[in-house]
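When the chains are written out, they are named A, B, C and D in that same order, and each has its own residue count from 1.
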């Protein structure tokens, strides 16, 4: 199963060149990741408090294939990959929704997350809930 | 009729103080305004091209009543007021959604917009579509 | 004495309408406030830890007089006003720097801050350092 | 020659996890790129108008080595690489400034830019000014 996040591009995400500002694509992808967790009833805020674990990003990448404009209706498909017991990667495929189910690929991105103890900032095992979410979202 | 916009608070909208960064509340309100227009099938981008009119904001205000946290599920009620033939104001009431239909007011905001010709940057009459949207969204 | 903050407008602060996105003006003003504190050797982060006090914004306003474009060289003059022992207001005047010392006023803004205890979230007295900074920055 | 950009981390760039929001690092790097162009008296806005060329980003990457906190004083060293007559890459090394000239590497990033004609959106040769800037900034 893969999670799909849909919404329009807002004015605040564009720049004077008339297209989405490049770094905002990663922000939108991360919002999709947050929606995916919420959909699976995972509250990251509470998870941090319960487990003392945080999931910071250690690497991100993005590739722009076509310009993304204000008010484009986009759809992001998120795939997750467990790398090892302390690390996972999310892959985002960003499409524009056109009439008649046609989808045009606009961009792709990835984020790599590690699980750390918030006190020591050392790596620790991913919480059970996250492992289950990764499995289902694969 | 009033337009209602619902969504969670995303991580990128918070700051190191653990709450929403103050200026981001206005951005979220503006996203609600964009959703309201989209809901009424108004594409502002096309409207600008068709009418040579833009609707820049000349004034904004926001009041914070309670802290707004990451992953709070918020609901924004947007009311519009026609000021005169070249100007309108939007009022935003921001609530937190709690169980059993209870709503707690977190904040309020307003934005005032004028209609200008994009070439002369002088004031001009609001387009028909916007007038109708203002009437319905009142 | 008033504090002056100068810098160019960056691409990420503009939108597809070709001008600064309205909410970003408040963010730039707040950066000026942070620079003013740093200039006075106040580290807000440490102050929070030492005093258990935070200074959240309860009200903001902005007025746009002229469009602000990408790469405009702006100058923000910040004036502070002590309201009472738990509250202060900052007033920002935003100018464009032109040749020969000519300054054109582009916008103005204000933020109102209260001092709260971060544990109880109740109002408390402004820390000494902030009172001194307010006095000097007046 | 390499260009160096220095400034503090502002509150709006952090998130509720207490560190810089990952996508904001790329925004700060891009601001350094804009400062480097301004330092070399290149006004990208005017360049677009004169040459009909734009320089959109087709790829970005970032790696986080250590957490970046609010009010950290950072320093970004930017190196440029000409890839071919229509494309260049910028490499950013992000350091924290400590006492006595000690620098701790916090992160690294890259952006890859192509030159396109803004009307056809097809690739075209990099403008002379950009080629000279790339040479000097190498």
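Convention: contacts are C-beta pairs under 8 Å (C-beta built on N, C-alpha and C of every residue); 3 or more make two chains touch, one makes a residue touch a chain.
Keep in mind that what you see is a predicted model, and the values were worked out from it rather than measured.
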| item | value |
| --- | --- |
| Farthest-lying chain, centroid of Cα atoms versus that of chain C | A |
| Comparison of B-D and A-D by number of C-beta pairs in contact, larger one | A-D |
| Computed distance of Cα centres, chain D from chain A, in Å | 23 |
| Gap in Å, rounded to a whole number, between the CA centres of chain D and chain B | 32 |
| Multi-partner residues of chain A (each touching 2 or more other chains) | 11-12, 16-17, 19, 21, 23, 27, 30, 45, 69-70 |
| For the chain D and chain C complex, residues of the former touching the latter | 8, 10-12, 27, 30-31, 34-35, 38, 43-45, 69-71 |
| List of chain C residues in touch with chain A within their complex | 11-12, 14-19, 21, 23, 69-70 |
| Contact set on chain B toward chain C in their complex | 16-17, 19, 21-24, 26-27, 30, 45, 54, 56-64, 67, 111, 121 |
